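Here come two complexes built around subunit A, the first alongside subunit B, the second alongside subunit C.
Up next is the complex of A and B:
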């Protein structure tokens, strides 16, 4: 514990340098601004910012991106409340109660509760991040290649099974992401594969053009489709949005419960803020004394949703820091950011780059404090960003995408890759394939393959340790259960339906 | 959610996935087996591509036998999206062949795209041209002089 506190002090010292604090604050403000603009997301912002961080010191780059992560989840609250349009997918549940409360003449109250809940969620999960990341990383250093292989396998199945849409489509998206990561010179053998004799492909399809394409370009195409959509609008408030001490006490239990749910969901690999807020909202409704108020402007609904979605941020950073496994799509991009700065994520990160780890943890705390100050002080200004005409904004973002993809290696090949993956991402989304598993598959596949091949080299080609080593066998068993359970529950549901219709 | 996606979209996307998986299988067929390690470079991509192929086939079969009602298509502006994508392809191609500077190409692209999305409304056209030029030349200055990043184009 002493080591953790010493490290935290070191991290705070980094963040509280003038440039460190500037980058955290800038990241948080940009994150809030982008989160407040419907159609733009934190993942898009972070993917587009990555190229600008090449020339920055690694700690500055990472604290900037962490600030963006924290800010973007919260910024979506504003449009969810005032426009019934979630700024990010994780704010969908907030629209159910935030907008009705705003329409009932209490927009300030709705925003105030949402901001306070977001802060509470961020701080609750931050404590878990501080306390759990190091012990978990120490445990993970005992993993051999087979444990790592099965852990990633479990993570991939988990991501596919809890993603929106069908399990099959989640699996296909994850597998496609893995496949797309495989072209290039094979690091294990030095042999080029899937390069189709194109020298540009020798270094493979790079993370950044693929990410920008899948998250930014595909989103812009989708945004153009509904560019003419009319936005319902409630004016923001001129009065103070600070909630009273009594409100903190009254909603404390809900905040704590939703914060714990959000943190736990965040820790699960690839399960994002959207699912955290849905579970917390449903739980709050189930235990509420006034469940009939949910969906009509319930304070408990806003608090549950906003606490949980912000709590997933700290939760999702735990597996990233401890094991190099992304807890969400944005974490997958952060892994890419670490690798761009020659930092290898994984359980040894605490040993090789403790400054980076504690700067990330400190930035998460400071980002939440900046978020509280910015949102409380300037929510009316931030709300105006939602009205920027998208006809002007979207083409400018495409130009930023082109610069971002080109800036990686100064080759137009990467820009073409970005465009192709923009179209592929758009088509996948149209057919309701989740994009989260795609990105996480893309990031994790090289690690998964290298661990499998290292393990096979150690055992002379035998996969027996997967079944005989307790941790590896446990991960494999969980993966199989996660894969089979949705099929079994679907079969049971159909059987029950058939029974009901036969009885009727 | 008792409505299904338009089977043409479902099957079209599944065919695209089958094409990608087939390309991967074709591209790995001549990779020799591993010499210093048991697995080699080919089996993992082949296994992954094989699974994509099988699951995509399953999606096609399911789309063909599904009898649920098809989701009503929203009044989306598909033509607008297609034209914006076409403008973007031209923009990138022009930069690829270095037809002129980044600033000029970006200005032209933004005038064309924003102008098209605003239906070349005369009242807003002057704003469109102004903003396009400000972004085009502003970005060129910002990225080459402040961030010192190379830009595509001449």
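Up next is the complex of A and C:
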């Protein structure tokens, strides 16, 4: 405990040198800006920055990248709320309630809640990172393929509860998303499948181009079609953006719960922020007194999604620091950044480079504080983006989308994928097929497939462990309950109604 | 012999580079920036090798033109094909490793190393079979005896079709009747995680990974490590793992090291290939590259010209049957 304290003080001392603080702040601000531009993502910013950091001292490089990581997840909140274009996959859930709320004339309130929730999530997971990094990452290695499979299955079942409107259309959209994720190199055999003999399809349809297409490009098409419509200005954003003490009390339980969910999901390698926010969102909906508000501008929905996705950042850093295992795509890039500076992340990192470890932990804290200050200070101004005439906004956004789709892997094919999925997303929306389940199906299906097939390879084809392994069985039970519960409650409601009418 | 010819190359190239700087009107390779494509995302081993050489060449003014490294992410076949189809003007190069041969032999790619001009091999890393400390296996013989006694029961973590899968197959082939059950886990860290969590029985890791995961900074064993290495697949013992016997010492013909290869599109002028190979060889002598090799426990080999061509063909002969076997899994 004392070691943690001295370490943290040492880490803060590194971050609070003029250059250290400059890099954390710069990283966080760049991360927020990039996250707030539809089409550009934090992963891309970090991938593009990485080569530049090869020339910087190791601690500066790593605190810069961590600042970007923290900033980009939060920045995505802005466009998710104001334009219904999630900056990162993990902001998809925020669009469900943030955008309706902004449309209802309360963009400042929606952003204020999102910012507060992001900060709460960041700080909750930061405590786990500081105090429990080692035991938690050892716990995570016990997660075998069947545990992952049932966890993802549970998140998949939640598609049903996040889809708005027709349940059948939601499920169809989810299945379409799963189908679209299938082409590429088979995750379990290394052989190409459904690539139609075009070598570009060996990489499959990548997440970022599909996501930008389905959310940003489709929205641009829709906006262009009714370009004349004016957005009503209702809210005067003169009042303070900081949410009030009463809000912290009212949403405190939700923040704590969603922050815990986000942290624990973040620790699991390969399972990213999007699953954390899906699970936290649906949990919030299920325990809410006003579940019918979800999807129409619920404050609880924004809080749950934004707390959880920011909590996964700290969560994903836990196995990276304690074990050298990346918890997400961005963490894998961070590991590369450490190695290029001759620092090997792994179980001995605490022994070999305690200064780096605590600089990372301190950067995570300072990044969250900078994020809170910058977002709060600029949000009144940022919220006005919602009122800029779309004729000016849309050309800029589409240019950024093209850069974003191309820039991640430097392949033109990805730009075409993005444009085609823009049209697909637009058509799905017009036919009232919800986009949320489509994207969740697309993100989760490959993970679920590879975990299941790994599990089946281990057991020689037997599925029994999902019933016999306690954690897997628990997730499976929760999944079944989540699937059956709405039907049961509907049946009981009808029975009660029938009972009252019979009595009356 | 090999060293003298390549040293000669280096000398002439340096001379040529110096001359071209002095007389820019007289066009000599390189007269414009050089592009090196890494067919993987940033941060991986291939990216680190490429960028270490880029920095070494630039900081020591080995070439008069800058080198731009471009990461083409996604599946490595996309970036490799881009280079294969690029104009062979001497300004586009590719860095890749044995995955290229594995992909061709396994039927994944419809092209291979013969569709490129080989430029150089810069360093190699070798592998170590690993098991859990509490597995009861102390030697490779123990492990393979168990795999032969009960075939298809020991779980071997691999990325199917990739380097660690091929290494696992070579390992099992060295013992009659031995058979692992190969399970799709992924790369080095994923297998380390799965071994630590007792989800699999064995895997292979690179020597650098083994040192990182099992040794303390002073070189002694990390008591908290859950895994232990059994042998080393390099031609000689690794100086940082001196107690680890090589597979050859154990009487098993398993030598498996991953070379960093540099290629150019077919038809690239010899002047550019030799010039770039010479620049790479000069860079390999710099402190930056030597430190990198040392830290990542690479063997500091350098091959170019005929020696490289022979080495590629020899590797192909060894790898093709193994990769075919991997492709049939």
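Note that the second predicted complex is superposed on the first by the 273 of 504 C-alpha atoms of A that agree within 3 Å, B and C clash if a C-alpha of one lies under 4 Å from a C-alpha of the other, contacts with A are read in each partner's own complex, and residues count from 1 in each chain.
The rule is short, and it goes like this: a contact is a pair of C-beta atoms (placed from the backbone, for glycine too) under 8 Å apart; a residue touches a chain by one contact, two chains touch by 3 or more.
As the structure is a prediction and not an experimental result, all values here were calculated from the model.
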Touching partner for A:410 - first (subunit B), second (subunit C), both, neither = both
Message = I'd like to know which partner A:51 touches here: subunit B for first, subunit C for second, both or neither.
response = both
Inquiry  = Contacts for A:189 in the overlay, against subunit B (first) and subunit C (second): which applies, first, second, both or neither?
reply    = both
Message = After the superposition on A, what does A:10 contact: first (subunit B), second (subunit C), both or neither?
response = neither
Message = Just checking: does A:354 make contact with subunit B only, subunit C only, both, or neither of them? Give me first, second, both or neither.
response = neither
Ask   = Taking the superposition as given, does A:171 touch the first partner, subunit B, the second, subunit C, both, or neither?
value = first
Task = Would you check which partner chain A:453 touches, where first means subunit B only, second means subunit C only, and both and neither mean what they say?
result = both
Task = Check whether A:295 is in contact with subunit B, with subunit C, with both or with neither, and answer first, second, both or neither.
result = neither
Partner chain in contact with A:431 - subunit B first, subunit C second, else both or neither = first
Request  = Go through subunit A and flag every residue that touches subunit B in one model and subunit C in the other.
outcome  = 51, 55, 188-189, 191, 410, 453, 457, 460
Task = Going by the contact rule at the top, pick out the subunit A residues touching subunit C in the complex.
result = 47, 50-51, 54-55, 138, 140-145, 184-185, 187-192, 199-200, 202-204, 206, 269, 323-326, 332-337, 339-340, 342, 344, 346-348, 351-352, 408-411, 413, 450, 453-454, 457-458, 460
Ask   = For the complex, which residues does subunit C have touching subunit A?
value = 41-44, 47-48, 51-52, 55, 69-75, 77-78, 81, 106-108, 152, 155, 159-162, 165, 181-185, 189-190, 192-194, 196-200, 208, 212-213, 215-217, 222, 224-225, 291, 295, 326-327, 329
Message = So in the complex, the part of subunit B that touches subunit A is made up of which residues?
response = 5, 9-10, 12-14, 16-17, 20-21, 24, 27-28, 31-32, 34-42, 44-45, 48-49, 51-52, 55-56, 58-59, 74, 76-78, 80-81, 84-85, 88-89, 91-92, 95-96, 106, 109-110, 113-114, 117-118, 128, 131, 135, 139, 143, 147-152
Note = Within their complex, subunit A touches subunit B through residues 51-52, 55, 168-169, 171-172, 175-176, 178-179, 182-183, 186, 188-189, 191, 193-196, 220-221, 224-228, 391-392, 394-396, 398-399, 402-403, 406-407, 410, 412, 415-416, 419, 423-424, 427-428, 430-433, 445, 449, 452-453, 456-457, 460-461
